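Given below, in the form of structure tokens, are the structures.
Next, two complexes with chain A in common: one pairs it with chain B, the other with chain C.
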Partner chain A sequence: MGQSIALRIKRVLKHPLSSFVILGIVLLLVNVFYRAGIIQDIAFVRSVARVIIYSIVAMGFSLLLGYAGLASLGTSGLIGLGAFLIQLTYSQKGIPMVISILICLVIALVVGALIGFISLRIEGMYLAIITLCLSTILVELFRIGWGTDTFNLPRVQTFFGKEFPGYSSDGGLLVRDVMYYILVPLFVIVAMLTSNLMRSPTGRAMLAMKDSDSAAKAMGISVLKYRLIAFIIATVYAVFAGCLYMFYFRSTTYTDWGLALSLNILAAVIVGGSKSLLGCILGCFIIFGIDGMFLQNIPFFQNNTNFIYIISGALIIIVVMFYPGGLAHLWLDLKILIRKLKLKWRHYKYGD
Partner chain B sequence: MGISKKLLHNFYSNRAENFKDNLDGAIEYNEFYQEKQEVLLKKHYDKFVAQEQEKLEPIRLSSVLLKSEVKIQVAEKLKSYDEKDIWRRKANTQTQVRGLAKATTDSDKQKITEAYETQLRSLDKRREEYEHKVTASISSKLQSVCAKDEKEQKENLAKYEVALAESDKRCKAEHQKLEVQKQANIKAFQIKTDAKVSKASKKYETTLVDAKKYSASKVDQKLEKNVVLSLHNLTMQFGGLKAVDNLSFDVKKGEIFGLIGPNGAGKTTVFNCITQFYKPTKGEVYYEDKTGQVLLLNEAKVHNVIKKGIVRTFQNVELVWELTVLENLLVAAHSLFKSNLFDQFIHTPKLKKEEEMIRAKALKVLDYLGLTYLQNAYPVGLPYGILKKIELARTLMCNPRLIILDEPAAGLNDAETQELAVLIKKIRDEYKVTIFLVEHDMGLVMDICDTICAISFGKMLAIGTPKQIQKDPAVQEAYLGGE
Partner chain C sequence: MGILQILLNSMQFIAIISLATLGIVLIFQTSITTNFAQSMIATVGGFISVTLLTKYGVPALASYFIAVAAMFLFGVFIDAVIIRFARHVTPVGKQMLTMGIVLLLTGLIPLVFGNVVMQAPKFSNTIITNASNTLSFSMHNLIGFILAAVVIAAIFICLKFTKWGLSVRATASNETVAKMMGINTRIITGVSWGIAGAVGTLAALIYAPLTQITPTMMVSVQVQGFMACVLGGFTSFIGPIVGAIIIPVLRNIVGYLGADTWKDVVVYLVIFLVVLIKPMGLFGKKIVKKV
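The block that comes next holds the complex of A and B.
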């Protein structure tokens, strides 16, 4: 009986979605530990939240880059679109939280479809340039519409007509905690959905399309349809992440959404491995997380705040040169290395 | 008015296609369900038999003498022990060999040999000890169970035989029960499918009538009997260059049709015009689908051509390098998937069913071509002949009626080409498809084709059986040059 339970656990762990659940539990524990006093630094929790939010963007981007083979540099503008739409709907018009997020997603659908139509004519580097232009236009619109001030979002007070859990009028930090506990499950759900999509006919069709347009067409894959799907999903994820960013960090200016963020997300996806979701999350952790989580406690990095860029730049060069599949390949390569070493040792000990 | 009519026509014909898809899907799943039931029955039955044997084991033991049973079981244990022991002995030999290679003086060599022999002796001793231990434990375990003397053994043997016969009976009864259950399941499912099919077919027919009502361009063209594909004055012009010039021919059902011509004759252009990669400048491509309806292919979109039953391969292998061989076949079956994006996000039972069914189909195709051992391999680095075979396997995935092969023998050696010729004929006969191919290898073309069409600079030179083509002066001139 005991063995059968072990077997069952093994089978559950083998399911491709189980890793995301485990990751989600670990992420939830971060805030629990902070409240329990094991983690002292609030900046640590915030960095983790930042990693989670950008991971959602990176997952959409991995579908776009790794599967559909379309490069985009307009990601940051779309995240900013989410943030500023929340500013408009939630704080200026006073629409409830859930509904304002839904409105943002619908707008994202439309925007994604528009960019998708553009992508049908243009490919490769030119597409990246066009999306970069679109993103710049969006950021400029934010500047014109909202000015150069930093915007602060009021704390969420109500949730479906009831008082938001953890809200108190004297303004404790509890609202942010509750937001964190909402953020992590959403992240896990998005990861699971994306993973499902990648392992289904759509994912395979996108890979076929990336390798050869004409072969894909001959197999009945409509290139128009799948490019649109890829762009729409990436856009919706980016805008959704923008909404979550706004509700968690509660402040933004238009300068947050420049080219640097787009490049960072591109770097995260490439470093992690553009075809692996766990790799993307790892990449986000390296690019966005390590700095705030660990390095800020070391005096050297406190004095040289920009030094992290040197590290990430070097990392990208190393990964692109030696690990075209990203860090997600590291695990596989380690396995192969261990097998080789074992074989060598066997040969040494037992002879031929 | 014209536009709205066309839109309505498109709408209804799309709907009709959807219903048709549902209908075919239901029938196909029904077949798959029957196969699945067979597998399930075997699984349950095997489990039952194993249980019965477990029950019989004590009775069997009571009918044998202790000595003989212990001998058998000890021999089994020793066999598995020896499998490990052989490695210890090998390691011992290896240390000796390495030591001797390093040793310089005779005394060193002697020491090493001594060590080797003592180790060997200790291994022998260890094996003996193990044998003693195992014999003791097994005989103590079986002492109470096994027969004491020959008289008892005889009595118990009779009992065992009776028990064996009974268990056999039980197994048979179980098998029958499972068979009945299977039949009932199949019947129930059949009724369900029939209901679905009748519903879908009714809807299909009504929508088809609607679609016909609004159809703007009626295809009045009737193909001759037994013709699948017909080109009428096909012309393809790139700027000032006429790649294909007024070409017309018919491809008959179930034949292997070869298109030949010197380099740059426009063969591949003809292919691309048929599969709508190029829209012909002039002329029509007619095609009769499985319902007997004649379609004008010029109106179809590239990615819809496969749904009509026309599949093509490419001159240079165009596989998806990032997917395994099996998944490559699943990509080729893309047009068979009916689940929408929502199904794919959630992985609903509908998608799982479809995936299971199409996976089984892909495995069958791989088995047919003898590629099952490669199902989980990535195509990168596989030999060219095998890649070509995988391309061929892909064409079989989506219920083809007309397979278009673009230079299937390019890059293959003689043995592989011969194998391919046999394979193409086999596919034609077993899948009941029409094959249309372009090829440079004259041996292959003359060997397998029923009809050959020779073109040069986009113009037809001759059409006929291989012998006629070989004798034709125009073809000879095009290939060998005129005077």
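The block that comes next holds the complex of A and C.
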């Protein structure tokens, strides 16, 4: 009987989506540990939240780059669009939280479709730079519309007409805790959806399109349809992440959404491996997380913040040069290495 | 303020952006990647020049020469150490390499040059006005513009008429075939990176006195350089320069017509619409890939 339970657990663990659930539980535990006093630093939890939010963007980007083969440099503008739309709908117009997120997603759908149509005409490096151009226009609009001040979003007070769990006029941090517990399940759901999508006919069609448009067309794949899908999903994810960013961090200015953020997300996807979701999350952890989670606590890096840039720069160069598939392959390569070592050990022990 | 004054005001940015654009295009054609590190390399050149000038009292002209030469060597070094070994990396991967260089330099600049804010002196502080006092421009802009024009003209003449130029064009059109024809493509890409570093530094030297020298000072120039490349077409050499002339002039004209806050939006929208109509830029040609 005991063995059959072990087998059952093993079978559940082998399910491709289980890794996301485990990751989600680990991420939830971060805040639990913080409340329990095991993790002392609030900056640690905030960095984890940052990694989660940007991972959502990176997952959409991975679909766009790794599957559909379309490069975009406009990601940051789209995240900013989410953040500023929340500013407009939730904070200025007073629309409830869930509805304002839904409004953002509808707008994202339209914007994504527009970029998808543009991608039919403009290709390759031109597309990347035109998306950068559009993102710059968006950021300029934020600057003109909202000025150069930092925006602070008021704490969420109500949720479907009831008082938001954890809200009290003085204990603001608890609201952030509840936001964190909302954030993690959303992240897991998005990861599962994306993972399923990548292994569905849609994902396969995108892969075919990536290698050659003409060949994909010859196989009866509608390039228009799948480009639109890829851009809509990437845009919706980016805007959604922007909404979540706003509700968690609650402040923004237009300078947050420049070219550097787009490049960082691109770097996270490339370093992690553009075809693997877990790789993307790992890449986001390396690019956005390590700094705030660990390096800030080491006295050497506190005094020499420049070394953080140097380390991440060197890491990107080394990974791209010597590990072009991304760190997602690390696990597989380690497995192969262990198997080889085992074989050698057997040869050594028992002879050939 | 007449149209002539607008042109005069645009002069400095025409010089800066066209130099930056030339570097981006040279690297794009020989290494097939958009070089995000272009602005960072140029900034390092600016830092070298200012440090030599203010800390060690080197004469201005000598410091400029040293900065340009150092960045030429630095460009060659980057190609020899990093880019050459990444020939089989995808174009996006190569972009990431240059992004890594940007981060590396962002960290290294304060370590090497210190965290102080520095101000570079202008080439010349005189301001020239015509007799009726309707037109005015600074000598600094004029010198910068002439310098940029001479350098760009020299590079174009070399591209057109020398063996080196022929090799660059051959490498740009097809690296493998160029290799078969006996062209040492390694030297060609290396020198292209070197020239990109040198012209970038020149742009930084012209731009630095107008603002403060910081690691991020060239980022907007770089973005406009990319826009110029897209507007003119990455596949030609002359197109991006035309783009680099159009962008500052257009921006100043829009600003003059009264829409000062909206000028960036208008310029980017125009670029977007032009590229939507001509997807390969104004001068670019479409290269059809075989299946």
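Rule of thumb we're sticking to: the second predicted complex is superposed on the first by the 349 of 352 C-alpha atoms of A that agree within 3 Å, B and C clash if a C-alpha of one lies under 4 Å from a C-alpha of the other, contacts with A are read in each partner's own complex, and residues count from 1 in each chain.
We take it that a contact is a pair of C-beta atoms (placed from the backbone, for glycine too) under 8 Å apart; a residue touches a chain by one contact, two chains touch by 3 or more.
Treat the numbers as computed from the prediction; the structure is a model and nothing was measured.
Participant: Looking at A:M59, would you say it contacts chain B, chain C, both, or neither? Reply first, second, both or neither.
Facilitator: A:M59 sits against neither chain B nor chain C.
Participant: In this superposition, which partner touches a larger number of chain A residues, chain B or chain C?
Facilitator: The larger set of chain A residues in touch belongs to C.
Participant: A:P324 in the overlay: touching chain B, chain C, both, or neither? Say first, second, both or neither.
Facilitator: A:P324: touches chain C, not chain B.
Participant: Using the touch definition from the top, say if A:A314 reaches chain B (first), chain C (second), both or neither.
Facilitator: second
Participant: Thinking of the overlay built on chain A, is A:N196 touched by chain B (first), by chain C (second), by both, or by neither?
Facilitator: Touch status of A:N196: first partner only.
Participant: I'd like to know which partner A:A215 touches here: chain B for first, chain C for second, both or neither.
Facilitator: A:A215 contacts both chain B and chain C.
Participant: So in the superposed three-chain picture, is A:E140 touching just chain B, just chain C, both, or none of them (first/second/both/neither)?
Facilitator: Second partner only, chain C.
Participant: So, does A:L259 touch the first partner chain B, the second partner chain C, both, or neither?
Facilitator: Second partner only, chain C.
Participant: Is A:Y350 contacted by the first partner chain B, the second partner chain C, both or neither?
Facilitator: Only chain B; A:Y350 stays clear of chain C.
Participant: Residue overlap on chain A between the chain B contact set and the chain C contact set?
Facilitator: Looking at chain A, the two contact sets intersect at 212, 214-215, 218.
Participant: Considering the complex alone, what residue numbers of chain A touch chain C?
Facilitator: Residues 65, 71, 118, 121-123, 125-126, 128-130, 132-134, 136-137, 140-141, 144, 212, 214-215, 218, 258-259, 263, 266-267, 270-271, 304, 306-317, 320-321, 324.
Participant: Write out the stretch or stretches of chain A touching chain B in their complex.
Facilitator: 193, 196-197, 200-202, 204-205, 207-208, 211-212, 214-223, 229, 275, 348-351
Participant: How about chain C: which of its residues touch chain A in the complex?
Facilitator: Where chain C meets chain A, its residues are 28, 34, 36, 82, 85-86, 88-97, 99-108, 110-111, 219, 223, 226-227, 229-230, 234, 261-262, 264-265, 268-269, 271-272, 275-276, 279-281, 289, 291.
Participant: State the interface residues of chain B toward chain A in the complex, per the touch definition above.
Facilitator: Residues of chain B touching chain A: 87, 90-91, 93-94, 97, 275, 277, 301-307, 311-312, 314, 318-323, 327, 330-332, 334-335, 337, 339, 341, 343-347, 351, 355, 394, 398.
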